[in-house]
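In what follows, subunit A forms one complex with subunit B and a second complex with subunit C.
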Partner chain A sequence: MPHAAATPPAGDLGRVLAQRERRFAAALLAPAFVALLATTTFPLLFLIGTSTFRMDLAMPFADGFVGLENYRTLLADDRFWSSLLVSLIYTASTVVLQVALGLALALLVMDMKRGQGWFRVVAILPVVLSPAVVGMIWRTFMLAPEFGIVDYLAINAGLGSQNWLGDPTLAMVSVVIIHTWQWTPFAFMVLLASLASLPEDIYEAARLDRASAWQRFKRITLPLLRPAIVMVVIMRTMVALTAFAAIFTVTGGGPGTATEILNLYAYRKSFTELSIGYGSALAVALLVVTILISGVLFAMRRAK
Partner chain B sequence: MSGRGQVRFEDIVKMHGEFAALKGVTFEIEPGEFFALLGPSGSGKSTTLRILAGLDAPSAGRVYIDGQDITTADARDRDIAMVFQSYALYPHMTVYENIAFPLEMARMSKAEIVPAVQEAARKVAIEHLLQRKPGQLSGGQQQRCALARAIVRKARLFLLDEPLSNLDAKLRLETRTELKKLQRSLGVTAVYVTHDQEEAMTLADRMAVFMAGEIQQVGRPADVFARPNSIDVAAFIGSPPMNLIPARYKDGGIEIAGHRLETSLKESGERDVVVGIRPGAVRIAAGGIPAVVELVEDLGDTAILDLDCSGISIRARVSDGDVPREGTSLSITARAPDIHLFDATTRRRL
Partner chain C sequence: MKPFAPTRRTFLKAGTATAALIGLGPSVLRQAAAQDADLAPYKSAKIDWQQTSGETITVAVIPASYFENLISLAPQFKALTGIDVRFEKIPPAQIRQKSVIDLTSKTGTYATHAADPMYYSLYDANKWVEPLDSYLADKTLTDAGWFKFDDIIPAWRAADSVDGKLYGVPYDGEVTIQVYRKDLFDAKGLKPADDLETFVKNAAALNSPNDRIWGTALRGVAGAGQNMYIYPSIFREFGGEWFKGGKLTVNGPEAEAALAWYVDVMKKYAPTAAANWNWPDIADAFSQGTVASYIDAHSSASVINNPEKSKIIGKVGYARWPKGPTGKRVSSIWNWGFPINAAQSEKKKKATWLFIQWAASAETQARTAHRFAGPTKRSGVNRTSIWKDPDYVKLMNGFGDNFVEATMATLQGDTDVDWRPRVPQWPAIGDTMATAIQSALSGQATIKAALDDAQRRVEPMMRG
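Moving on to the complex of A and B:
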C-alpha cells in the first residue's frame, strides 16, 4: 500500500478508499449477520436435519436416520393435504378481505373532513394486540354462545344462537373474521398513506377530462395504488400462511380438523403427538409452500 | 369553432373562512379571444380560473358560459379543457394513453380515437414520443403532452394555469410563440393565468389585472401599458417597473427635485400626487432635473441607469449608443404625455 500511495493515479486512490470503506462496513454488519445466522439460518438447517430422522419421544427406541421417509409419509397423509387446503383457504380469504376492506376504509377516511387522526388511532388498536389476546377476546367476549356480543346480535337478528366455534364451517368463518378484524387496519394504514401521496391535480385533470368517480377509481386510483396493494398482499400472505396464535387459542384447530392450518398440524404432530421428526417435515413443507407463493407474488410485483 | 366559449363572471366572491380571495369579480370574455388573468401570487387569478373550470365553487355570484348559467354545474359537464401548472399527466399511462383519456371518457370508438390522438400529438410535435411514460419525458415534452391532451377534445374553452412557469427561459420563449400560433389555428377561446406581465403582454388579446382579490383593470395589453388606471397596475406592468415619485401638483405641472415638469392634466389648484414615468420615457436633455448616474446595468442593446436626483432615485432606459458612465452628472426630463398622475390617497389615475 505505501508503494501505491507514493504515486497514486486517481483511480487507484479511489479504489483504496472504497476498499477501506468496505472493510468498515463489513465490521459494522458482522454482529447483526452473526445474530441472524445463529437465530434463523442455524435453526432452519437443524429443522431440515431433524426432518430426515425418525424422532418419536413416545417411542424413543425406534429413533434413527430415515432419509426421505418422513416426506413419503407426508405425501400420502390425507391430514397433511387437508391442512394445506385449510391454510390456503384461510390465507386467500383473509388477504382478499383485508385488502378489500382496508382499501374501502382508506377511501372513506380520505374524504373525512375531520377526525382522521382519531380514526387512525382507533383503527391501529387491534394491530398492537397480541394475536393470542385477540383470540381470547373473541372466544369469550364475542363468540361465546348466548353471552358473546356476536351471538347476542345473531339472536336479536332472528338468526338464533349459533355454535360459532363448534360448527366446522362457522368455525372457519370465525377464524377468518378474527384474523381479518385484527389485520385490516394494517392494510388500511398502508393504503391510506399511499392514497394520501397521490397528487390532487391529476384527479382534477380527470374530472375535466370527464371521468366519472368510478372511472377515476378504476383508471387512476387502482393502477397508482397497485405497488402498495401488491406489497400488502405479499406481507399479509406470508403472515397468514404462518398464522398460529389466534387459531390456537380460539379453536385449537378444531372442531376436529376444520380449522387446522398446516402450521397447527405441524405443532400438534410435534408437541402433542411428540413425533418431532415428522413434525419437522411438515414445517419444512410449510416453508416450501411459503417460498413458492411469495416467489409468485414477487414475480407479479416485478411484472408491469 | 368561433362563436363558442363566451364567458361572463358576475360579482364572483370566494371566501376562505374570513379571508376573501375574490371580492366581487366581474368580467366578460369574447368567443375566440386569448384572455389573460394577470396578477401577483395570491391576487385571486388562479382562484378565478378554478371557479371557471368548476374545480372550486364561488361563495357568491354567477358564472355563465355561452349564456348558460353553469355556476353549480360539475366540472365534468362544462366542456372545458385545462393545462395545469404541474401538467397533471397520469403517471402510469403512456403519452398516447394520456392524450386518448378524455376521448375514451367521451365513449368514442377506437377508430375515432387513434387519428385524433395522432393529430393532436402532431400539432405539438410529440408524435415520436407516444409510447413513452411521462416520467421519461423532459419538462418541455411533458408540457406538450399536457397541451395535446387539452386540445384533443376540441372543448369550447381552453384554460391554461401558468403553463410556462416550469420551463427554462429559452424554452419558455419558444413555447410562448407556439402557444399563440396554436390558439390562433384552433380558433378556440383561451383563458391564460400568469404572474409574468411579459407573457400576458405578448400573448393576450385582452387581459384582466388582478390585485388582492379584485380586478384593477381590463383591456388590451397595449392600453393597460399605456394608461394604467392605478398605482398598483402601473407598478406591476412593465419591466423595469415604472418610476413612481411622490410629488406636488400645481396648475398643470409637477415639481420634482426643485424642477417643474409640465403634464397633460390641465387643472388649476394644488394637491399631493404620485408621478409615474416609465424608464423608457425618461429623456436625457439639458435644462431638466439634475441627476447623477449611480449605476449602469448594461443589457447589450439597451442599458438601465440608476439615477439620483437630489435624494430621489429614478431609473431610465437608454439605447446603447449614448450610455453615460457611472458618476456622470446629467439632466433629465420627460414629455407631458409620458407623465402619469395618480391620486396619492385613492391610488387611482387622475
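Moving on to the complex of A and C:
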C-alpha cells in the first residue's frame, strides 16, 4: 500500500501525537522515578543482596557469598523466633488498645458540649513528641522504681514498688503502655473526624424505632466507622511492627531479651555485633512479615 | 630554644605585628606576649610543629568535661601547628558505631576519635588504624625526650596495644575502685571491704530501704560498657579465665559463682531501680545519700563531689577493689585513646599524630587538669608524673579520703589487660554477655541457663 504511507490518515496522526505525549510524560516522570529508585528500591535490593553474604566486621577474612546460609541460620535461631513473637505481641496489643481507647475517647468527646477543641489539642500532644524523648521521660521520671512518678502512685495505691522495667513481664507491659499512650491520640483524631461526618438522620430514625444506645452503636456506628477503623489498624500495625526508638531508649530490648522486637534484634546484630550479613537477613525477614500482615489486612479491607 | 633565624614568614609576621601594635597599642602587646608564653613549653620539643600547617582534621570525642577542657585549648594548638581541628561531639552510646561506620567505609571523616580500648583488636583485624610505633620512633615527628611516652600510665598503654603493637595513645582514663560513705561506716564501726565477702557484709549492715538507704549499687543496665564493665572483674576475681585452653569460655563454675555473687548483691542490697542504672545514676543516688557504697570508676568522684548537687561532700572514702575468693583484685580499667585513621593522606596522618602528641603531652594534660582555668578539673590525667605533682594530688584529694592512694595503687597493682576478652569479636561478645547478665538479674533465666545460652551464642562468633 504505497499511497497509504505517503499520506497518513487522520487516525495515524492522532496515534503519533498520543505517542509523543506519552514520551513527554515519561520524560517528566523520569527524574522523580529515578530518585525514588535510588532512594528506596536500590537500598532494598542492596539489603537483599547483602543478606546473601557473610559480612562480619570482626572477621573480615571470612567474608564472602554464602547464598541462603544466613536464612538457614535464621530459621534455626531461637532468638529470631522469640523476637518475632515479641514483635507480634507488641503489635497486636498496642493496635487493639489504641483502637479501643481511641474509639472510646472519640465517642466520649463527640458528646462533649464544651471544651472539645481544647481537649483535642491536649490529646494530640503526645503524638508530636519524638519517641526517643518519650522513652527517656518514661524511663527516668515515670517508671524508675522508688524514684519515678508511676511507682510513687503504685506505692500509694497499695500495690507496692514494682520493678517496672527490670521485670520481664512488667517491662513488656510498660513498653506496650508507652506506645499506646503516645499513639492513641492518632486513632482518636481519625475516629473523631469520621464520627463527626456520620449522617444524623440515621440515628434519628433509630431513635424513633426505639433502638437502645448499645444497638445504635453496634448496628450503626461500628459498621459506618469500619473503613476508618480498618485504615487506623493498617497504619498503626505497620508502624508498630517497625517500632524502634521508644523501646530502644526505654529498655534497649531488656531485661535480657524480654522486649527485644525483631527490629531491635536486627539492629543489634548489624550495628552492635557488626554482623552485617546476618543483620540484613533479619531485616529482610521483618520486611516479609510486614508485607504479609499488611497484605492480609488490605485483603480484609477489600473483602468488606 | 631555636636560635632566631628570620624567614620570609616570620619577617612578614613581625611586620604585621608591628603595624598592629602601632595601631592597637598595649592590649595586643600583652596578648601576643601571653601567647608566646603559652606555646613556649611546646616549642622546646625538637620537632617542626608547623610541618603540616594548613591541614584541617576532624576529631570525634564524647561530650564530657575532660574533652571540653581540651576543646577550649584548640586555639593554642592552631597557633602552634597551623592545623585546624574541628571537634565533633558524639554521645558515648553512639561513638563506637559512628567511628566503625566511618572506618569501614574508608571515608576518613574522623582523623582520630576517642576510641574504646576494647575495639583495637577489631581495628587491627581490618587494618583500619595505623600502628603508632613508627610515629613514636620518627625523630621528625616525635621528640621522645620531650613527649616522654613511658610516663603515660602503663595499664592504659597496654590496653591500647594489640600483641605489643601500639594503636592508640591514652588521653584520659579511669579505674574502678570502692567508694563508701565514711560517716555511715564509722557509725557502725565498719571498714572498707578487703574481700568480696566483707563487701557483702558491709552492704548488709548498712542496707535499710525504709530509711531510704541501700547497702550498695553496681551497674545493672545491659551493655558491653555497662554491666559487662563490672562483671568481668568479678569473674576474674572468682578465678575465671576467658580463654580456657585457647577457647573462649563464658560459662562454667567460676562464671556461675561470679554471676551468682553479682545477682545476689544486686537483689538484696541495691535499689530495685539499679537493675537499669549506669554509672551516672549510681553516682547521683550516692550523692543524694541513698547508697552507702559502690564499686565504679574513680572518675565518678567528680559527680559525687559536685557542690551544687551533692549532699555528702566530705563524707566519702575510697579503697581498692575487694579481693575475690582467689585472693586476687581485678579492677576494671578504661581509657579514651586516640588512634590514627588509616584512610587518610600521609600528610593528614602526620597532622593527626601532631594533634595526638599535643593532646597526650604532659603540658596539655596539666593545662586541662589542675592548671585549667574553668571549674571542672580532670581526674583521669594520663601521666604518672602528674599523679605525683603536689598541686594535682592536693586537688584530687579534695574528692575524699585516700582517693589518690587508692587510684594509684589500683592502677599499678590491680589491673589486668585481659580482664575482658580482647578479640575482634568483642562487640558481639560484650553485647551477648550483657544480655545474659541482665537475663539472670531480672530472673528471665537462671544463672546457669543464661551463661550456657551465652556460651552457645558466643561459640559460632569465634569460628572463622
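As a convention for this text, the second predicted complex is superposed on the first by the 273 of 304 C-alpha atoms of A that agree within 3 Å, B and C clash if a C-alpha of one lies under 4 Å from a C-alpha of the other, contacts with A are read in each partner's own complex, and residues count from 1 in each chain.
We adopt the following convention: contacts are C-beta pairs under 8 Å (C-beta built on N, C-alpha and C of every residue); 3 or more make two chains touch, one makes a residue touch a chain.
Keep in mind that this is a model prediction, so the values were computed, not measured.
Student: Superpose on subunit A as described above, then tell me if subunit B and subunit C fit or clash.
Tutor: Subunit B/subunit C on subunit A - fit side by side.
Student: Counting touched residues of subunit A, say whether subunit B or subunit C comes out ahead.
Tutor: Partner with more touched residues of subunit A: C.
Student: Determine, under the contact definition given at the top, whether A:Trp81 touches first (subunit B), second (subunit C), both, or neither.
Tutor: neither
Student: Is A:Pro145 touching the first partner subunit B, the second partner subunit C, both, or neither of them?
Tutor: In the superposition, A:Pro145 touches subunit C alone.
Student: For A:Trp118, is the partner it touches subunit B (first), subunit C (second), both, or none of the two (neither)?
Tutor: Neither subunit B nor subunit C is touched by A:Trp118.
Student: Examine A:Phe46 and indicate which partner it touches, taking first as subunit B and second as subunit C; both and neither are also allowed.
Tutor: neither
Student: Where does A:Phe24 make contact in the superposed view: on subunit B (first), on subunit C (second), on both, or on neither?
Tutor: A:Phe24: touches no partner chain.
Student: Once the structures are superposed on A, label A:Ala62 by its partner contacts, choosing first (subunit B), second (subunit C), both or neither.
Tutor: A:Ala62 contacts subunit C only, not subunit B.
Student: On the A-aligned overlay, A:Asp209 touches which partner chain: subunit B = first, subunit C = second, or both, or neither?
Tutor: first
Student: Based on the superposed arrangement, let me know which partner A:Ser275 touches: subunit B (first), subunit C (second), both, or neither?
Tutor: second
Student: In whole Å, how close do subunit B and subunit C get at the C-alpha level once superposed?
Tutor: Between subunit B and subunit C, the shortest C-alpha distance works out to 50 Å.
Student: Quick one: in the complex, what on subunit B touches subunit A?
Tutor: 53-55, 74-76, 78, 80-82, 84, 86, 88-92, 101-102, 105-106, 149, 153
Student: Flag every residue of subunit A that touches subunit C in the complex, lowest number first.
Tutor: Checking each residue of subunit A against subunit C gives 57-62, 79, 139, 144-148, 161, 163, 165-168, 171, 252-258, 268, 271-275.
Student: Under the stated contact criterion, what part of subunit C meets subunit A in this complex?
Tutor: 97, 100, 104, 122, 125-126, 212, 220-224, 271-273, 275-276, 423-428, 431-432, 435-436, 438-445, 450, 457, 461, 464
Student: For subunit A, which residues count as touching subunit B in their complex?
Tutor: Touch residues, subunit A against subunit B: 199, 201-202, 204-212, 215, 219-220, 223-224.
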